[in-house]
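Shared between the two complexes below is subunit A, which has subunit B as its partner in the first and subunit C in the second.
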Partner chain A sequence: MTFSFILNGEDVLVKARSADRLVDLLRERFGLLGPLADCRHGACGKCLILLDGRLAPSCMLPAFKVRGREVITLEGFSQTDEYADIKGGFEEAGLELCGFCDNGRILAVAALLERNARPSRDEILGELSAVPCRCADPETLTQAVAAAAERRARRLYHRARQ
Partner chain B sequence: MPEGENPRAAQAEPRLSDLLPAGGLQVVTIRSPSPRGRLLGVEAPHLPKGYLLIEARDLPGANRISCFGSELPILAEGRIAFSGEPVALLAGPDTAVLADIVAKVKVRVEEEEPLVNWESFSSEQVAAKRVASLGDPELAFSIADKVVERSYRAEALEHWYSEPQGALASFDYDKLEIRCATQWPYHVRDSVARALGTKPEDVVVRPTRLGAHLDGKLWYPSLLACHAALAAFLGKRSARLLLSREEDFLYSPKRAPEAVALRAALDKSGNLSALDVRMSIHVGAQAPLAEELLSQACLAVQGAYVCPNLRLEGYAVTTNSPPLGAFGGLGAAPAFLAIESLSTELAEAAGMDPIEWKSRNLLRKGSRLLAGDPLKEDTPFDAIAEQLCRASDFRRKWAAYELVRKRRSCRSEGPMRGIGLAFAHQTGVFLSGSGPNSYTVEACLDKDLRLLLKTSAAICKGGIADIWRQSAAEILGIPADKVSIAPPDTDGSPNSGPVTLSRGLSVVNRLVERACTAIQKRRFRDPLPISAKAIHRLPSSSAWEPNRVAGSPLESAAWGGAVVEVELDSWTLEPRTLGLWLCVEGGRIVSHARAASALRAAASAALSSCMRERLAFERGAISREAFLSYETLPLAEVPPILVEFLEAERRSPAKGLGELPFDTVPAAFLSAVSQAAGIHFTTLPLGPDALSALEDA
Partner chain C sequence: MLVSEVHQPRDLSELLSLMRRLPGATLYAGGTELLREQASRYVTLPPELVSIASLLELRQVSLTERFVELGACLTLTEVLELKESALPELLALALRGVATAPIRNLATIGGNLATRSRFMDVWPALACLDALVELRDGSGARWINLNRLADDDGRPAFPAGVLLSRIRIPLERWDAVALRKVGRCGYPSRDSAVFALAARAEKGILAEFRLAFAGERALRLRDVESRILGRRLPLSAKERSAFAVEYREAATVLSPELALRFGTLVDGALDLLSR
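After this line comes the complex of A and B, so read on.
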């Protein structure tokens, strides 16, 4: 079947089989290597994308399900100010991710900060539990997200004043 | 994070999952459906052009890879050792066509009853054995005031590493290039060369990004690299084998389960006077790390305690399960779990609080060890205990929880809380004598005062590379940003051994320091550029001899302790961790923030392994249901983790400390849950059986 959707801000038209999963479509057709096809049953969080602004596991989504909807991958998200806030917060806290869970964790933080500008430790770790990777410790993750939230709040404050 | 966005991207390796060479072969593994038997043959349908089936007889070289003295087949030949053992490879350009062919392939096996029992076993199942003794245990038991007996058991665990295993083989001019995520690039190179019957120099290994691995990528990538290399060699095109997460979960090595039976004697003053140990380690089929796992466990089982009379019998036992092995260390953690849990019970038997009993029995200068020479220095356990007690308020909480427990007549009366403390040491030394015995680092200071470090251990996480930079910069008096690290290719970097037991710090960092010191000595005499090579050779005296370990394996050990506080839910009886405290003496700590972060991450994983991660074998195999239901502890359930360091002298060497949480947290957790419940638990992870026992109680 042929359908269109918005991918990282651009209208795209694709042809896919009904059994095709979104993660394979993104990686193989569009060369977007941010989402990883790892566990393929929605448990590892490495394939997360933002679907209409909400987190979704792209390994569990049939490709046709995104018809007419907006998909943002890490590659698209990395062009935004929100990404710069998160990246800056992670660096400030000295958070070193393994290079595999970054996609899921960054998008999970983005979704969290969109809902809750000042999340608590429990809220942060609750959200990041969607990406069960062993590479980082909870305290550094919490500090990194808190630093990202602070940067985001400062940026929005300055924008509102302008 | 996409390449180019990451400040480390220039030096970071690509991910294997992202390497999709156009026009290459995809490789799938044909596996044995039976756990044990005689392989009669592989029947495949007619293969389309461009597709090939590879069996053991097609190997141009030896059908073997060697690992710590053991030999494993690359493809099964004659005998089947476990369910899922690779018997053939199917390679071709289209994955959909490959899937169709695989469904039609038949593996014929004359089945035999599999060996699945590893706690009681026959002599043919023994892959390694250790017998050792100290003093006169018989006499000590005969005059003992009290004798306590207990058996402990630690189950298998999945590493849940960052990326499933695999390998890509392709041709780079006259060489075969292997890309894979491995802890040991030179092992991959040598294994592939041996399988293809070529010289090691004809193969170059360029490691891909490793991620979190918990020692799950020690030797298995070499096997998969041999598979991919065979397909590339015989198919004359690049070939990639990437296991799915499910396939990886079902067939790759897991943490080797251990059972440790202890019988301890207390003298009239309540001190430990004798210990009788019988341990068996389930190493699965083919037993690649049997000698090393058993040696490390035997060294660890004395724990932190003086015991003048000791007797040990240890076995590494093979079965028809997939090979089992390392996990956050090489076999020591379950041994520490046993002795530390027992020490809490011994304190109870002696009528003391755990801290008092442990302090009275701690290893000190001159203490005799089951493995190795008597200790030449005092251990820092007293200071660690002091710091942990102060930080966690251990003494008061332990006494209060004891009081509440003794007065409680039903679940609703007062909180069901407990607190536990455990010690451990981490050696960073291979003990079996069959592991790699030479490690090299090269350094070159050029005319612009830029230093290039070459080591195959550069696959370590970025934090360790920063520590090497800092160490080198301090010695040479140059800015750290002028120190760069060459890619860990086997062509360009020397063999720095496997990255395990925190050897990136305990060995490689010392080699970096030695190479830089050598350059510094010549710096103002010789013209630049100056190169230096530092080589570490394993002292042969550290290996196990028939009945003991000679040398001093604890000489350069890191020491640590953990306190865990838990509460049991009054309705479900599920344990919830309230707090976790770690204290470590790890020599010179180059970066406190990084070391603390690494310890907290390891402590989270260790806690997860106690509470959630359950892996059962059915007739020696792991089921698909186990894969679908396997879960790690959600981050939100990890309590705040406080890490403290005992300060060491500035010039004392940095030690590896990353495995200490795996050695201490489980025992502290088990003691805490046992206190909360008033039952002595002996098995981790705590499964439904344990909770139902608690319910009955």
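After this line comes the complex of A and C, so read on.
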């Protein structure tokens, strides 16, 4: 099947089999290496993308499910101010990680802050349970997301006043 | 087998005529259950697949004073985002316990109820609330109580070749609701199941009491429920343990481990209600 979808803001056309997983198309056809194909069954969160603005595991999306929809990967998201807020918040809280889960974690935090500008500790840990990670301890993670939320709120406040 | 063609009907009537033409076709909603155990390079899908998740007729919500009607292809996240008055607390508890946010963004409520290998997490909550489901096939549409989607042995009995189109959930006042997942989360087994309870008291009397339990099998003991009804609260310790024993004995058909857990949960729930 040949189908089109919007990838990081651009219309793209791709020929694929229905049984191809989106994560493999992104990596192999488009060279987008942010999403990783690790568990391939929805459990590890390393392949997360934003599908029509919502967090989704790209390993659980056969090609036919993507036709006509909008996909944002970490590469696309990293061009936004929201990304800078999250990275800044992580650095501020001293979150030191091996990076294996960065893709999923950053997009999970982005989706959370989009819905809920000031998430509670439980909400943060609930959302990030989609990206189980050996490096991050819950306390530093909560502080990092709170710092990102603070930066985002400040930026939006300044933008509204301009 | 790798599929070469996936049918993507544009509306409900096209879907129904496709289902008539291809009686063996598999409906694909969120796909999270169909792909759950698959970790290989390509997904393995049945030869005839009909993608239904984006059909508008299956994504409607309608709310009256007495009930809420949910289209089967609403995702679990979309249902959780309904306003409080349209979302029974017991259902919200069940939905929040399913997988993680990204999976809930794809998974549909219809797919959760129509899974045939076992009962999934939303089933006991909705069975407890006496939800109705609308089923459609070549012969037309009919509403049935969700509890009828279990056979006489309590095993899943979702009929083949049938579309679950809507779910109607009565909106009632409940004084106590509880939902507990038993067993290892994320690894469904013989010893994992979900326990759901809803109860209401009026003038110190137990006016409504429903308890459903589902995993590989579903259990709802209506005769015991009807004997509990009308009792004055608080229940005595003797009454509580007598009912807990009845539930535990009935639950031995599930597994000895679950029966024990079930008895303890019933006793605990009746104790809480009595306070």
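The definition used in the following text is that the second predicted complex is superposed on the first by the 162 of 162 C-alpha atoms of A that agree within 3 Å, B and C clash if a C-alpha of one lies under 4 Å from a C-alpha of the other, contacts with A are read in each partner's own complex, and residues count from 1 in each chain.
What we mean here is this: contacts are C-beta pairs under 8 Å (C-beta built on N, C-alpha and C of every residue); 3 or more make two chains touch, one makes a residue touch a chain.
Quantities reported herein were computed from a predicted structural model and do not represent experimental measurements.
Contacts of A:G45 after superposition on the shared chain: subunit C is touched, whereas subunit B is not. Looking at the shared chain after the overlay, A:I106 reaches subunit B, while subunit C stays out of its contact range. Looking at the shared chain after the overlay, A:R152 reaches neither subunit B nor subunit C.
After overlaying the two complexes on the shared chain, residue contacts for A:S129 are found with subunit B and with subunit C alike. When the shared chain is aligned, subunit C comes close enough to touch A:R54, but subunit B does not. When the two complexes are overlaid, the chain among subunit B and subunit C that reaches more residues of subunit A is B. According to the touch criterion, the shared surface of subunit A, contacted by subunit B in one complex and subunit C in the other, consists of residues 39-41, 43, 126, 129. Of all residues in subunit A, only 1, 17-21, 24, 39-43, 45, 48, 51, 54-57, 60-62, 64-65, 67, 108, 111, 126-127, 129-130 touch subunit C in the complex they form. By the touch criterion given at the top, residues 28, 33-34, 36-41, 43-44, 74-75, 78, 87, 91, 94, 96-103, 106, 122, 125-126, 128-129, 132-141 of subunit A touch subunit B in their complex. Remark: subunit B residues 1-2, 5-7, 12, 15, 17-18, 20, 160-164, 209, 211-212, 214, 244-246, 461-463, 593-594, 597-601, 603-605, 628, 631-632, 634-636, 638, 640-641 touch subunit A in the complex. Chain contact summary for the complex, subunit C toward subunit A: residues 2-6, 8, 31-32, 35-45, 49, 51, 53, 77, 99-103, 105-106, 186.
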